[in-house]
Each structure stands twice: as structure tokens, then as C-alpha cells.
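Once you scroll down, you'll see the structures, which are given as C-alpha cells.
What follows is chain A paired twice: with chain B in the first complex and chain C in the second.
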Partner chain A sequence: MRAISPITPPAGKRPLRCRIFDPFRETPLLAWLFGAGLAVLLEHLLGESFAALVGLAKVPVLFGLMIILSKPLLFPGALLYVAVIYLLPLVTVALLLARPANTAAAALLRLGPAVSVLFHLALFYAVLHFWAEISGYREMTVKFTLIAVLLTLSLNLINGYMGEFSCSHPGFMALGAYGASIFSLSLFVNDPLFGKALLPAFLGPWLFPLGLVGGGLLAALGALLIAIPSFKTRGDYLAIISLAFLFIVKSLLENLPFVGGPRGMGSQPDYASLPVVFAWTAMGVWIMNNYVRSTLGRSLNAIRDDEAAAEAMSVNTRHTKMTAFMFAAFWAGVAGGLFAHMMRFINPATFGVQRLAEMLAMVYFGGLNSVYGSIVGAVSLNLLGEVLRPLELFKWIFIPLLLILVMIFRPTGLLAFRDFDAVRLVQPRSRDRQGGAP
Partner chain B sequence: MSLLRVEGMSHFFGGLRAVHDVSLAIEPGRLHGLIGPNGAGKTTIFNLITGVYIPTGGRVLFGGEEITGLPPHRIAARGLGRTFQDLKLWRHMTVLDHVRMARYATIGYGLFGAFFSTPRRKREEEEIEAQARRLLAMFDIEGLAGQLVTNLPYGVQRRVEMARALALEPKLLLLDEPTVGMTPEELNQMMELIRRINDEFGVAILLIEHRLKMVMELCDRVSVLVFGEVIAEGSPAEIRGDPRVIEAYLGRDAVAA
Partner chain C sequence: MRKIPYLLLAALVAGMICSPLAWSKGKSIKIGINAPITGDNPKVGEGTKFAAEMWLADVTAAGGIEVGGSRYPVQLVIEDNEYKPESAVKATTKMIIEDEILVMVGPQASSQAVPAGGVADSYATPMISPWSTNPNTTKDRPYVFRGCFLDPFQGPVVANFIKGEFGAVKAAVLYDVAADYSKGLAEEFKKAWEGINGPGSVAAFESFTTKDTDFSSQLTKIKNSGAEVIFTPQYYSEVALIVPQARELGWDKPIVGSDSWGSADLIKLCGPACFGLYFSTHYAAAGAAGPTREFIDRYQAKYGYVPDDVAALTWDSLRIVQAAIEQTGKLSGKIENDRAAVRDAMAKIREFEGITGKMTFTEEGDPSKCAVIVRITDQGEFAFHKSVCP
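== the complex of A and B ==
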């Protein structure tokens, strides 16, 4: 491999993308985070007045995406805002601080990879927190997106890594949402459905993780019910059985007066704050990423690509498939629990086929068999949903069309087959350290 | 004691008798050939031994213990590796991952280790990778460790499949026509490789092969299968002279002539 010397074309003829990103090749993640921090600080200080200057009524909430369709005339102003308030400080810091940031990143890495990763994560959270603080709508969107990341990645385990087709994810989400809601409504709140609170309310936020895990386990139990008949034989059974399961869960919840029937349950305590949602999402991504990178988790790929060969190489295929399926359902359940405590209202109709379509779109858009892809898919489709919000129901014409285009030009999605190496992400990037390819 | 003993094994696909009363005995460290015309049931016998099908009648003993009816992954974990006639590689996985995967049964860190990336998992994964790289080096493909198998030429894919089967640390390796579709040069390399595997690893090999020349050169013993029955068994020289074998391969007229 090493013998082939890299052929570098003359500078003028290199693709535009390379020429734009070339100056940033030595910028480590740390410098980008500093840049983002400065941008957020700038927005806190100058955002309002600059927005007035470019003719906007208020600070553009999501980079001006929401007004593209509703008030297109204001969009250039929003674009200018994004360029001056976000891009300018980001790019400046990324260029100027590259060198000291590399030194800092190297020092952090010497303290231990875990320390470095946690530090980056904390910094990222701080930036996100201050950015989301500006408006309640932003915070809502960020939380939605984080929950969507959990859902997308866990569905990707089944539909991407394992190569089966599962339709029951909203059902698992519902089980988790209802499980966690029953937990907190019956224990910490005086609720018309469950009577007086059993425990003092101040314990609630501390015991909330138990409720989430309980909801996740409930979802995993549901997954076991599907897994036993579906994985006994090979074929398309899972798709059909899981679709049936989705409808069973939905109509079961609609017909149980105990959990509010079709009207659902409301007034869950407000436990799903931004730091809580972020922490659970980060943990979920970490654990799922660990799993798919281990030899145990890689066996999902072996099963997908050739099950007979996997068996012949001592892989216990049935056990692996059932574990992975229950594991994915667990995280869908956790996401459901977070969702319930963020919306503070759930009803069976929330967890229908439309939610399934949304999740599948995020998985297939972002990229199969890919942690990066799941994150990208969840974030971009959530933002796209906000852009298309003025179209109301018609957005369900645009999103499928987009999906069809992606399937035609990139059949496995935007960023398929990419795992996540957190340590590599936080490494310093000076040229003498490693000759990074463009 | 024989490493593998097949006793009176029969199998039916519906009403079709695919394998009838087959008995085989393979000694440790030996190279045993299984030959026969197309459709004689050679691959079916492999699938019966490795647990893909459960025999309708008869028993399979491996290392003195009965393995009849066990699921394939349990049989593989006991040290019975195999390759496939139609190269069952995993198209989205790298060469290194192929070889690592065969260590599945030896993994001790469990789901907890897989989820939380414990020190034990790191240590075990490092050992698995080191062993996988050693195997790749023996097969002269260590430079391709990070490549997807679909990008590799056919002969190299065959090597990957064999390295994968050897990563199981098998006592017995079942090779299903490893030279099918190979050029004469690749064929010679493959024969050399099979001999080396047999010598260096001390693995017994049961080899399905069409080309008589190869079987005669490589194997210590040969069984001839026709219409699901073993019609002859013996040393290559005995088999070569056996009129029943010549008849099965060339037809009755050739014998009379």
C-alpha cells in the first residue's frame, strides 16, 4: 500500500471542496468547539440588535430555515445573520486557534482518552445549551432531534446492521413512553388515573432514570415476544410480525382505560430537561457504538451478509439476532420515556405508522449500518421538517421524494458504513503528526 | 480413535434419497478425499456433518462425542471448520473482520463488555486481532487486512475463506471444492496451501474435489460417492484401479474397452 506515492494534481485544478477545506485540515475538533462557543457568545451579546439591523423581527431560530417558505423575502437577511454571527467567528477561531488547540488536544489526550472525550463532550454540551437557551422553540427542536438520534440509531441496528426489516419501533417507543409515564405519574404526582403520589416529589428527578430503564425493559420484553417466532426461521417474517405488533400495541393502549384509552396520559412531570436528554442520548450512542464495533456486534453484519457462513464460523445467529433486537427495542423504549416527559402528553395516536415512516426515512436517508449516518439522518430530517412546516401535510410529499432521490443516487444512504471512533475524533491534527489524506 | 466417525448416515429430501448408509472414518491429521460425480451428494454430506441438515438416520461422532442434531455453530465451536463451494464471504466486511469473526465462540467478555468497552474486552479484542493478523500473514494477505472482500480477486477470496475457517482453530477442516474455477497456476498454489495447512497446523482435512489428479496427489485416503452411497474406499492407488470407480466416472463402455 505504502509503495504508491500520492499523486497530487496542480493546485488550480483540485476540486472546489478540497480547496475550501484545505486550510482547515489541521484544525482539531477542539478549535471548532471554541469557534462555536464564540459564535454563541456573540449571539447572546449582539444577536438581537444585529437581527434588527438586517431587518428581522427576532433572532432567526434555526438558522433562518423556518422562514424560507413562509417569508422568503426575509431569508437573505437571515443568511447574512448566519454568516456574520455564526460562520465568521467559527471560521476565524478555527483558523487562528488551530495551533494552540492542537497543543491543548494533545495534552488532553495524554491525560487519557476518556478524559479527552468527556471534556469535548462537556464543551459541546455547553455550546449547545447556550445556543438552545435563546428560545424555547430551539430547545424543543434540540430535544426532539436528540431523541430522534436515539430512535434512528437503534432502528439502524436492526434495519442496517442486521439487515432485517423491523416495523415495530414506534410500538417499542410507546411501551417505553407508557412505562416511564406510569412510573412517574403513579409515584410522584397526584394523578386522576393513578391516585395520590406515593413518594415525595423531590425524589422524582433522581429516580427518573429507573423509570426510563423500566420503560426500556418493557419495550425489550415486547421485542422478545416478536423475536421468538420471527427468528425461528429465516425470511421476511420479522417485517410482517413487527408490523402486526405495532398495531396490537396501539389498539391495546387505545382500549385500556387504565392508561387513559385513546385520550392518553398527560401532565407528566418535567423531568426531560435538555441536560437529561443530552446525557441519555450521549450514553445511548456510546453504548450502541461500542456494541457494533465489538466482534460480538460485528456478527450482526456477518448474519446479514451470509447467515449460513456465520453459523459455520461458530456465530450463534439466533441468540445474536434476539439480543440485538431486544437491545434496539430497549433504546427505543428509553427514547419513548424521554419523549413522554418532554411532551408531557402522550396518546396512542402518537405512535402510529406516520412515526414509523419518519424513523425509517431518517435511517435510510442518513445511511445504513452507520452511527454517523444515523446522527446525520436524524438531524437533517428534523431540520428539514422545520423548513417544510409551513407546507403542513404536504411536507409528506417532499420528504418521500427526497428519499427516492437519495435511494437512486446513494442506495445505502448518505453516510453508510461509518462507525464512530470518538478518540480519533478528538485527536490533534497537526501535519507532522500524521499525513492526513485530503 | 478416529477424529470423525460417520456411521450409517442417511438423508432424504422429501421422497428423494440423497444420502444412503454412508460411513466414513477420518484419522487425526490426515488428508481424506471425497470424490464422486455431480449430484452424488458430496456437499449434502458436508451439510449433514456440520449440522446444516439433521440426518434422517445414522450418527456423527466427532472426537468420540456424538454431534448429530447439534446446531451448526455449536459443531463449529467444537473444532470443525469448513469452506463453501460458492465462497460464502461477507460482502460488506473487511478481510480482517472475516478472520476475527471466527473467534466468536471464544469471546468471554459477554454483552456487558460489548456495551461498556471494559478492559477485559479491549484485551480480548487485541488478542483476537493479533491472532487474525498472524493468520493473514501465513496466507500472504496481511497487506489486504483493511480491504473489503468484494474488491479482491477470486484466488485471494479463496485464501480469505480458508484463513477464516482456520481461525476457528479446527481439528478437522472440510473443504468443498476449493479449486473450482481456478487457473492452473492458482490450482498449484492452492494444493501447496492445503498441504501446508495440513502440515503446519496438524489439521485433518476432508476434501471434496472433482479433479482426480489433485485428489490422487494430495490425499492419504479416498472415498468414492455415487448416488449417495460410498462405493469404494481406500488409498489413492487402490481407488485408481477399482473398476467400479472407473465405471462410475467413465461409464460401462470404457471399462469393457
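== the complex of A and C ==
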């Protein structure tokens, strides 16, 4: 167990950042979640009337930023709303409930780390769910963001952990999207492309995971096809081969009439609800996080740093690379399946070079070789894309500019080289840890 | 230094006092415009935006839209869909839920209009896509309409025109297999032509893929097949390659096209080789009269070029929306009820006089309207030849 320095020097001489964050050093995640829960509850109860009071027409959808950018005069109202509805309860609970929350967190941890982590996850989902429930637009943004997290993390496995530059990810996503769509359109829906439904519609949501996994496996198969010829090459050559794969998938889909050709496929059943997307994303992040912390993941890093040395240290490089590639493609396929059932329309043009650029931006913005970074990159670029809508054309100047700045000042991304230790995240933070973590 | 927080607080309070000034007073009608301002096809977005702004200027000059005796000011909410399906879905959801628009006009291209139509229909918000030709956009969606005719209509129109004009028996088709528009229309034409002239009357059904530039093998096949006319539903840039190549190979029989030919750039690229050819489209700019002429002149004066069919169709769609809002007779102020009322009024529109022709919506929300056959004159202008009605 690591000791946390017990003495804090007198306030006043220390930088502002420390003075702001010091009081929260003993606040465990549990208390933050309770605070967020209270904030969301408050928004449900008082949000609308308080928004009217401070002169806003509606509850600010994404922390008031959109309002500030479109109508700068309303900024005091939006700021006040965020301060009173979000910040105030969050800070109050984080300070007041720190002690009891620490005791609770310790008790939870004694029941077993898995129980504690699942409890935190459930609490987090509850907060997210009630936050998203306020507006359909919020819910849609959350769903797109969660899917982007899955995609970014899976691409980070190859581009970050393995250190190769792969361009075929939209192709994998397309395979997953088409695979899952064919599954649900042919089985549960009367569709002009596939004829009458083969199974009763009520089974659909229950068998949907099978479709997703099927789509993921299809993508993994695609990854195997490209891995066999291309892993004799490295660097630029792999990038070019994987780019070629992306084009092959795209023009294949364009020329196959039974999946709609260039017109694409539409009216997939609406299976990708928020709980479904969240469950898959949480599972994907958990599994991929475990993967990179396992021996396989560590050997992936060894290969990235020096392939010959890794080989000499008994790493089976070919096997490791192949597994990682297929594993990443699987999750990209799952994300594609979720995407297809959320959009309820896919066409080959969706999975082109532009999508690749978006995915790469999220990976490199958030941070290479990093689970945290992938989450941060996907969330921040997705939210920025929505929040900056009022800037119209300047949005496409601002976001790339931000990327350039990140590349200059943090060449590996915002939060590079960080994995996730779920148990450390949920453990109590008190100095006098009577309960104590294991 | 210690005063800074107080100053901030004072500024905040002052802002609070002023902020009611920024409230939007009174009830206004919000119309959403979902257009590709950035992305692969910015020209489409530009035409949409310009037409919408011209319409807004007219409505504002008239003091707003008159419903049941009182005039409501109109606000346009223009969102960029980046020519991407997912952005179109995001923009649609944002406008419907956050901006509380009454009606949405757009998206233009089918790849965005199909998913956006699903969203609009699920939130029971009327939507009209001026330009989307894919049947799935409006299929089984009571709240979704469109402003143009569909491929299953245009195909037979061209087939009937060729039969009547040239009396041909055997026709050939040359189309891009990777473009959804071209492929759909080529198949519709084939069906219609074989319906008129019996099976086997399409002597050659030749394809190529996007960005091909050499069509000599397909054209030679067509020439040797005994076809009397070529139908090629391609975009103007490809037409400018196909037609001269056909002429070089000695093809002197007619070549007929579809509404994708209708761009001023066609003549610039194709030159005299295209003179005397025919194509079907939504409206003819040269020789237009009445309101159509007026629209073209105003647009040209304001933005410096002749409006293409996207702008004209957007203009008509906005005027249909305006007519539907006026016909509701009363706005209750409850957005859900008003949306339903506008939807019902829109479905009831009969014989609407648009600049691209008379429109009446069918059950599916598709207009049954006339197509125009345009002849390219020897001066390179698109002259009205005849109009074909369903």
C-alpha cells in the first residue's frame, strides 16, 4: 500500500492550483459520484424553473457552452446555471460527504474489489442516464461519444500500444456495421433487401449481442486477411497496405447489390439504446484495459520499442501482433454494429478516409498508448464538435488548431501512457484509513 | 489582487440585470435548414443557404408569416451537416429538441436525408427534402416530404419522351455502377423502356465506375449493338467526357440525359459536342417566364450566378412550408400540436404553383409534378422543350 503524504504545508505560500484542489484530496470517487447524482437530481427538479429565472429559454444542454457561443449576452445566466446546478452540489457533497464516503468505499472494498467496481459503475451509469434523460439531443451526443470511445481505444491498441500506423479501422468498422445490420435486418425485420423476418421481433433485442459479436468476428476475419500479407512490412508500408484494405472494403460494399450497393442499408431496428451502448462500451474498455495490462499487452509494448530485442526476449512477435490486430478489429466491428443500429442507416461512403481522419485525431489528441487518453480524446473531440456548432465554419479552424497546439506542446497527446487501475480508482482516500484497502 | 473576485461578482450581477435584454421576446416561427455548408459538396449547401436567405428576406419584408390573422416573425436555424449522415442526424436532433423548430427543410442528398428523415419522423416533426430522390427518404414516414420527383417517375418520363420524339425501338444505357443516383435511374429507365418496347429492347446496358475517364470500349459495344439512342444518367463532368468520345467513335444518333446534367458547367466543359441534345430536369432557366424568371433574375443579381436546381427546389420547398403554416389557420404555441397541424396542412396541399412546376403530394409525401425536357440550343443555353406530367 502506498503512503499518502500526511502533512500539508500551510496554505498561502503554495500555488493556486494546489490551494484549490487540496480540500478535495480526501474525497473518494464515491463522494464525487454522489455529488454528481445530487446535481442531476437538482437539474431534474429545478432545472427548468431555474433556467427561466436566469433568463435562459431552455435547460443548457451541454454545460451552457453552446448558449454562450451562440448568444454571448446570455453568458451570465448560463454561467450561473452551471455554478448553481452543477458545481455547487458537486463541491458541497464532495467536501461534506468525504468522510462517510470513505468509510463506505472501504466497506465496499472489503466485500470484494469486483463488487466495489461494479457498484461505482452502476452509480456512474445512473448519473449519466438521468443527465441524458433531460434532452434527446444530450442522449444522442452521449451515445455517439460512447461509441467513439470504443473506436478510439481499439485504434489506440494498434497505433499506440503496437506502434504501427494502421489506416484500415473504418474498414473494420464497416464490416462490423454491415455484419450486424444483415443479422438484424434479415432475422427480425421485413426488409426489401432480405425479405420477410425469420424470427419474431421480440427476440431481436435479446439476440442483438449475437449480431454485434458476429459483426466483430467478421471484422476480425478481415483483420486476419490483411495481417497475413502485411506483417512482413512495417511503418509506411503497413500504412499503405491498410489504406488499400480500407478502399477494398468500401468498393466491395459499393458493388454488392444484396447489401444495397452505393445506396446503403436503412431502417435497422432501434436496438442501440443508451444502456446497451453503455454496457458494451464499459465491457470493451474493461477488456481492452485488461488486455494491455496483461503479458500480451506488455509484449506489444516491447515490440513497439524494439522488435528484434523483443524476439530475443522470447516474445512471439508474429503471434502477438496478429492477436492484437484481430482483437482491435473485433472491437471496431462491435462499435460499427452499435453505430449502425443507432444511426439506423449505413452506406459505404460513411466509412471512408474522412472517418479515418476523425479516429486518428481522437487517438492522437487524447494520447498514445493510453486508455485514459483514448477516453479523454474521444469525449473531448466529440463534445467540442457539438459545443462549437454555433461557430459554424470557424469550428473547422478551431478544432484543427487545438490539435496542432497539442501536437506541439504534448507530442504524444494529452494523457499518454496511462492505463486504468479500477481498484485504485475506487479505493478510499482518507489519511487515517482505519478500514483500509486490501 | 483581493478585489478581483468582487469585481467579477459585480460584473456577473450587472450581466444578470442586463441579460433579460437578450431574451427573445414574442413568439416566432423557427424553420430549420439542414444543409451541407462544409464537406464534399459545399456548392449544394451554398445554393440552399442563399435560397433560404432570399426567402427569409421576402418574409421579413412582409412582416412575417400570417397565420389566422396575426403575423409571426420567422427565424431561420441553419445547421451544417458536413455532407455526412451522422452529422445530419446530429443537426436534426439538435434543431428539433434544442431549437424547437416547427419544420425542417433539408438535408439535400439522399445519404443524409434518409437517416435524418428517420429522426424527424420519430420526433413527429415535419421535414421536406428538396432534392433527395431515394424512395426510402419518405417511405413509411408520414412526417417526411420531398420537393422533387423520384427516379421511378423520371425513368418512364425519359423513356416516353425518347419513344415519342425519336420513335426508337432499341436503346442503350451507360451509367456509373458506384453512384447510387445513376444506378437507380438506369435501372428505372431499363424497366420503363422494356415495358414500352418489349424485352430485349435495351440493346446494351453498359457500366463504369466513378472517376473513369475512358469510355471507348463501352461506347464501341453500344455502337455495335444496333441501339438507336443512348441514355446516360451521369453528372455533368462525366457527360462532358462521354459525349465527345461517342462523337469521335462516329456515333451520330441522339444522346439523352437526366437532371444531373443541369449545370452551367456542362457547356463550359462539353462545348459544341453537346449542342442539340436533350435531358429531363426540374426546371429550365433559359426562356423561363413569370415567377421562375423573377427568381432566377433576383438570385443572379444577388449572388452572381444562375441558380441551379438545388436552389430552385429549396425555394419551392420553403414556399410550400410557408403555405402549409398559413393554412393551419392557428398556431397554438404548443410546438407538438403545431408540428402535427403543419404536417396535416402540408399533406393536404393541392396544385401548389412552384417555380419548378405544379405540385400535389401523394400519400407517401412525394410530389406528383411535371418534369421538364430541356434542349441544349446551339448557343449552349438550356431551352424549354416540353413538359411531361404524370
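Keep in mind that, in the parts below, the second predicted complex is superposed on the first by the 412 of 438 C-alpha atoms of A that agree within 3 Å, B and C clash if a C-alpha of one lies under 4 Å from a C-alpha of the other, contacts with A are read in each partner's own complex, and residues count from 1 in each chain.
The rule is simple: a contact is a pair of C-beta atoms (placed from the backbone, for glycine too) under 8 Å apart; a residue touches a chain by one contact, two chains touch by 3 or more.
As the structure is a prediction and not an experimental result, all values here were calculated from the model.
Enquirer: Look at A:126 in the shared chain and tell me whether it touches chain B only, chain C only, both, or neither; answer first, second, both or neither.
Expert: Neither: A:126 stays clear of chain B and chain C.
Enquirer: For A:357 in the superposed arrangement: first (chain B), second (chain C), both or neither?
Expert: A:357 contacts neither chain B nor chain C.
Enquirer: Which partner does A:77 contact after superposing on A: first (chain B), second (chain C), both, neither?
Expert: second
Enquirer: Using the touch definition from the top, say if A:255 reaches chain B (first), chain C (second), both or neither.
Expert: second
Enquirer: Under the stated touch criterion, which partner chain does A:193 make contact with: chain B (first), chain C (second), both, or neither?
Expert: Neither: A:193 stays clear of chain B and chain C.
Enquirer: Which partner does A:263 reach: the first (chain B), the second (chain C), both, or neither?
Expert: second
Enquirer: In the overlay, work out which of chain B or chain C sits against more residues of chain A.
Expert: C
Enquirer: Based on the superposed arrangement, let me know which partner A:306 touches: chain B (first), chain C (second), both, or neither?
Expert: A:306 sits against chain B, while chain C stays out of touch.
Enquirer: Who does A:343 touch here: chain B (first), chain C (second), both, or neither?
Expert: In the superposition, A:343 contacts chain C only.
Enquirer: Can you tell me which positions in chain B touch chain A when the two form their complex?
Expert: 50, 52, 71-73, 76-77, 81-82, 84, 88-93, 97, 100-105, 107, 109, 111, 113-117, 121, 125, 128, 143, 164-165, 167-168
Enquirer: Using the touch definition from the top, list the residues of chain A that touch chain B in their complex.
Expert: Listed in rising order, the residues of chain A that touch chain B are 1, 287, 290-291, 294-299, 301-302, 304-306, 308-317, 323, 369, 417.
Enquirer: With touch defined as at the start, can you tell me which chain C residues reach chain A in the complex?
Expert: By the definition above, chain C touches chain A via 12, 15-16, 18-24, 37-38, 79-80, 84-86, 89-91, 93-94, 96-98, 100, 110-111, 114-115, 118, 123, 134, 136, 177-180, 183-184, 209.
Enquirer: Touching chain C in the complex: which residues of chain A?
Expert: Checking each residue of chain A against chain C gives 54-55, 57-58, 61, 66, 71, 73-77, 79-80, 135-137, 140-141, 144, 251, 254-255, 261-264, 266-267, 339, 343-347, 349-350, 354, 386, 389, 392-393, 396.
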